[in-house]
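Next, two complexes with subunit A in common: one pairs it with subunit B, the other with subunit C.
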Partner chain A sequence: MAKPKIAFFEFTSCEGCQLTVVDSLQDHPELLDAVEIVQFREAMSEKGEDYQIAFIEGSCSRPGDEAKLNEIREKADLVIALGACAHLGGVNAIRNRMPLEDVRKYVYGDKAEWYATYPARPISAVIPIDAVIPGCPIDRNEFIRAVTYLLQGRLPYIPDNPVCIECKLKGNVCVYHRGMTCLGPITLAGCDAICPTYGEGCDGCRGLISAPNIPALRTVLAEHGMNETDIEAKMTVFLTYQRMELEAADHDS
Partner chain B sequence: MGFKIMPKSALADWVNRLRADYRVVGPQPRHGQYVFAEINDPADLALDYPTSVLPPKQYLLPPREVLFNFQNSGMRIEANIKVEPTVILGVHTCDMHAIRLLDHVHNNGYADQHYQTHRANTYLVSIECLKPCMEHSFCKSMGTLTVPEEFDLHLTDLGTAYTVDIGSEKGEKLLEGFDQVWDASDDDYQLLSRVLTEKWPRFSYRLDFDVTELPDILNLSQKSSYWNELGDRCLACGMCTKVCPTCYCFDVSDTVDLTLKNGKRIRTWDSCQVEEFALVAGGHNFRSKRALRQRHRFLRKGKYQYEAFGMVGCVGCGRCAQACLVHITPVETFNELYRRSQRTEPAEVKA
Partner chain C sequence: MTVKTVKVDVHHLTRVEGHGNIVVDVQKGELKQCELQIVETPRFFEAMLRGRPYGDSSTITSRICGICAVGHATTSLRATETALGIEPTQQTVLLRKLNFYGEILDSHILHAYMLIAPDFLGVGSVIPLAKSAPDVVLRALRMKKLSGDLCAAICGRHTHPIAMTVGGFTHFPTTEELYSLRARLEAMLTDVTATVELYQTLPIPDFERDTEYIALRKDSEYSFIDGTIASTDGGTWPVSQYRDVTNEYLVPHSSAKHAANQRQSYMVGALARFNVNHDKLHPQARAAADAMGLKPGCTNPYMNTVAQVVEIAHATYDSITLIDKLLERGIQWEEPVAPARLSGEGTGACEVPRGILFHNYVIEEGYVVGANCIIPTGQNLANIEADMRALVPQILDRSREDITLALEMLVRAYDPCISCSTHMLNVAFE
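Let's turn to the complex of A and B:
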């Protein structure tokens, strides 16, 4: 069987997810025997344009991104969103609730009008995608697992479980019982509950489970001492785009 | 066979002795709560712990377990059944009742070899509960405040010493050659009798009805609007099932390495509270609402398992109530359903 040719691309992001891919080679150097990487700016200078699988990091935040995304979609058999920015719009989407002009001035100062920008969106809002590898950054074990799925001709699959499931599989003391707060009950698992395991509450970087009970979690957060502003801020870091979509759907119904 | 006495000052020596031949696990403090973990220093052992985050079932049915390894070439399969003689120290009586139920489930029908192997290599040292361990426990109502016969050794705290009841040959083996235990004297028996008598008033009945009524109450409550109220509050985080000593549902998945030649089949604790649990081929989900999933959970504990095994599936440990961030508790749920079942609804008047 010929090795599948894969390529990596980035849009608005920190490229930390691609760094995690490089990092995964420490544990899994055999990845290089299993696939042929033809384009990967983070790790090589060559730029092949013949690829079957495209991993895309980053959100779409400029009108000019769309043509490139469409081009990748046309060339690749499979497009995989790599990490929270491509999957959710990422932290870039925090600005989506703010007046764009103000944001642009805040970031670029008197050069504001030099930069074209619009609300940050996940790449699935621009092109159809085949799968997602969530997280900020991605989990390297999950990335390797996803590649084994692809090599078997299957799409990567992530069980629709909240982080609490994996947290309790590890026997962790709930961070709420340690005086902290956590978005674990509404956030998609797959990270092996890495943040709560190390004593930090979840910030939701992997996005929402399919049917999150957000109102109930807001009550929990309030009971644990958070005011409305703090609750809103906590749910804004990674979940802005998904929540705005949910709010719009609620409004429509 | 009579009771033995082991002074508390001998506990550390005994544990160290056991550690030479067994993996020894027991309750230890962690971040303000207690967890069962391997005892590397007997000073870490907290036999007077209130309750633990996960019940000791984690040693009989590990949260994640490789069932077998396989190689695609030649379809070779190698069972992965790890034998690790383990002593579990300080098992509360509610958890002993739970293990009794787990034994029944895994030894009957399709007997579970992995469970059976872990179980055969597990030595259960239970401990008498002398006061309620926390606000959510209701063992007295569930009839789990005395130890069932499954123990190998059973300890009771007499202040400066433990009485040791030997329940099996396995238990005897744990004491073999240890010279800091001796036969209980008449005075010890009297003290034990007093300790056991005095403990009962410290526990209160928390259910407003007798537990034998529970299956019927739940049966009559299947259409109760209370399930919707729970469904509105429930986060579907699944913690209640993860910390439950009698939950044993699991999911099975295969993983392969990057060569696609070698793989393993893994089973992982599952939860009836998560969205995908009852999702079947074709996309139908027969418990797609949180209310239905909560109802299923409580009916399973209080009705289905009783009907199937003659044992109520809830042992009153209170862990699910402690874990639940939205305060769904079995005591409140069972009592509320009981109250509503007692109400006489006005008969509908037909127009």
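Let's turn to the complex of A and C:
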């Protein structure tokens, strides 16, 4: 059987997820025998346009990038969103709650019109996608697992559990008991609760579980000393786009 | 004189971070256009920090860059700590430095082996080398893995760091982890020597163009975190006066701003650090520089990668020294130092892999009201273009392919980090 051809693309992002892909090869160099990488601009000059699986990192944040996304969708059998920017809009969407003109002028002054932009959005808001590998950045083990699934003809599966379950399984002391706050109760697990393990509360980079009880969590955050501004800030590091969608559907508090 | 017409149009240069195009247009021997176009989407990080609690700044700005996430987080924390009157403990200073070395090593190894070396070995990427030179690739992966593990032991992961917080850390490496890392670093010294030997054999292009080199300097050490801004043209500036050095301006063909100090352009990065701080290097790193023919006052930008290899040696040897200091002190579980005040302005400056990085924040009652980040690649853009303008007339007798390759290698030598550099400026703090 011919090796599946895979390609990597990036839009508005830090390219950290693709670096994590490179890092995953440190422990799994055999992956290079199982697939043929035909395009990976950050790491190689060769450029093939014939591919079956496309991994896309980054948000779409300007109209001009939509054509490229459509082209990728047409060429690839499977399109996988790689990381929080592609999956959720990521940190790029923080500015979506701010007036766009203010944001542009703050950064580029009177030259703002030189640089095209529009509100940042996940890839799925532009083209249909087949699967996501969540996280900021992606977890390298989950990436290897996902590729293994894809090579077996299956789509990667992410259990609909909150981070708290994995955190408890690790035996961590809850960060709320250390005087911090955490979005673990409403955030999709799969990261092995890495942030609480290293002493920081979850910021929700993997996105919301299917039925998040946001009002209850707001109450908990307020009980732990956060004012409205702090709660909003906490819930908009990675979740701005998802929450704006929920609000539009009137499912947010 | 060569009367030649050449057009070079490299759309989305490969083996660099982010999206840039090289456009050169020579009409009948005359250089009409010579640009490194930055076509990355604007990122708007400074605008996004406004109104958020000060503790969010390092979490969010580390997302500016996957390669130098620890550098952004460290610089961000130093800016916030300066603004809020926080003095980190000695243990925090040592851990941050060790963590920083992990990133310097990771980034320089990635650049020297995976992004640069393929040009000299006649391949398009590191992947074919896995077959033709497996020992070189395995060495690179082994060194890179140790660099990442160094960061992981201290801050959870290199991209994006977790345990780094204002005033200290939220997690600490164990004594066992430090002993294990020390042993692996010792074992890596032969790989460092092999890297120096490899770069002794690579034919670095000859090209000289004198420019101004800017880097942080300290009396006590080869500086990566904090210091005074120093220039090879003379002059020093406290980091709080960074704007007097960077003098940023916008150009239409780049979503990243350009910068200029005492000349039309200046260079930052490993070569600038080497030129400014050569006397502070670890003796083994100085020996590596000598072996590779790199001398202070070097004006060949292609030698930037050689200077990175020198820093690989410095960071490896000095990491061992740092671990010894930490083991001698014993790791203490410290709470982060609390702010002395909740309002103020502060600038942080670090020498991240690609050069000097500034973060400046204005904080009022615990919330960010103004932010500015000035990125090394942005500071280098005008200098890269000046190099291109000087280089093209010297190589016009070559084929279009060779001219293109020489220009690509020039830009790659700077190790540009393009998604970092597109963001930009906050104009005024009223």
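We adopt the following convention: the second predicted complex is superposed on the first by the 250 of 253 C-alpha atoms of A that agree within 3 Å, B and C clash if a C-alpha of one lies under 4 Å from a C-alpha of the other, contacts with A are read in each partner's own complex, and residues count from 1 in each chain.
Just so it is clear, a residue touches a chain if its C-beta (ideal position, glycine included) is under 8 Å from a C-beta of that chain, and two chains touch if they have at least 3 such contacts.
All figures in this text were calculated on a predicted structure; none of them were measured in a lab.
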item: Three-chain arrangement built on subunit A, subunit B and subunit C clash or fit; value: fit
item: Touching partner for A:159 - first (subunit B), second (subunit C), both, neither; value: first
item: Where the C-alpha centre of subunit A sits as vertex, the angle toward subunit B and subunit C in the overlay (nearest 10 degrees); value: 110
item: First (subunit B), second (subunit C), both or neither touched by A:173; value: first
item: Partner chain in contact with A:31 - subunit B first, subunit C second, else both or neither; value: first
item: Between subunit B and subunit C, more extensive residue contact with subunit A; value: C
item: Which superposed partner A:142 touches (first subunit B, second subunit C, both, neither); value: neither
item: Gap in Å between nearest CA atoms once subunit C and subunit B share a frame through chain A; value: 10
item: Shared subunit A contacts, counted only where both subunit B and subunit C touch the same residue; value: 199
item: Contact set on subunit B toward subunit A in their complex; value: 30-33, 35-36, 53-54, 58, 63-64, 232-239, 242-243, 251, 255-260, 268-269, 271, 274-276, 290, 323, 325-326
item: Residue numbers on subunit A that touch subunit B, as the complex places them; value: 28, 30-31, 33-34, 144-145, 147-148, 151-152, 159-162, 164-165, 168-174, 176-178, 184-186, 199, 209-211, 213, 216-217, 219-220
item: Partner subunit A, residues of subunit C touching it in the complex; value: 12, 14-18, 41-44, 46-48, 50-53, 56, 59-60, 63-67, 69, 110, 114-115, 118, 124-127, 130, 141, 144-145, 148, 155-157, 159-160, 162-163, 165, 169-171, 250, 252, 255, 367, 419-420, 423-427
item: Contact set on subunit A toward subunit C in their complex; value: 11-20, 22-23, 25-27, 29, 32, 37, 40-47, 61-62, 65, 90-92, 94-95, 98, 102-104, 106-109, 111, 114-115, 117, 136-137, 194-195, 197-200, 203, 229-230, 233, 237
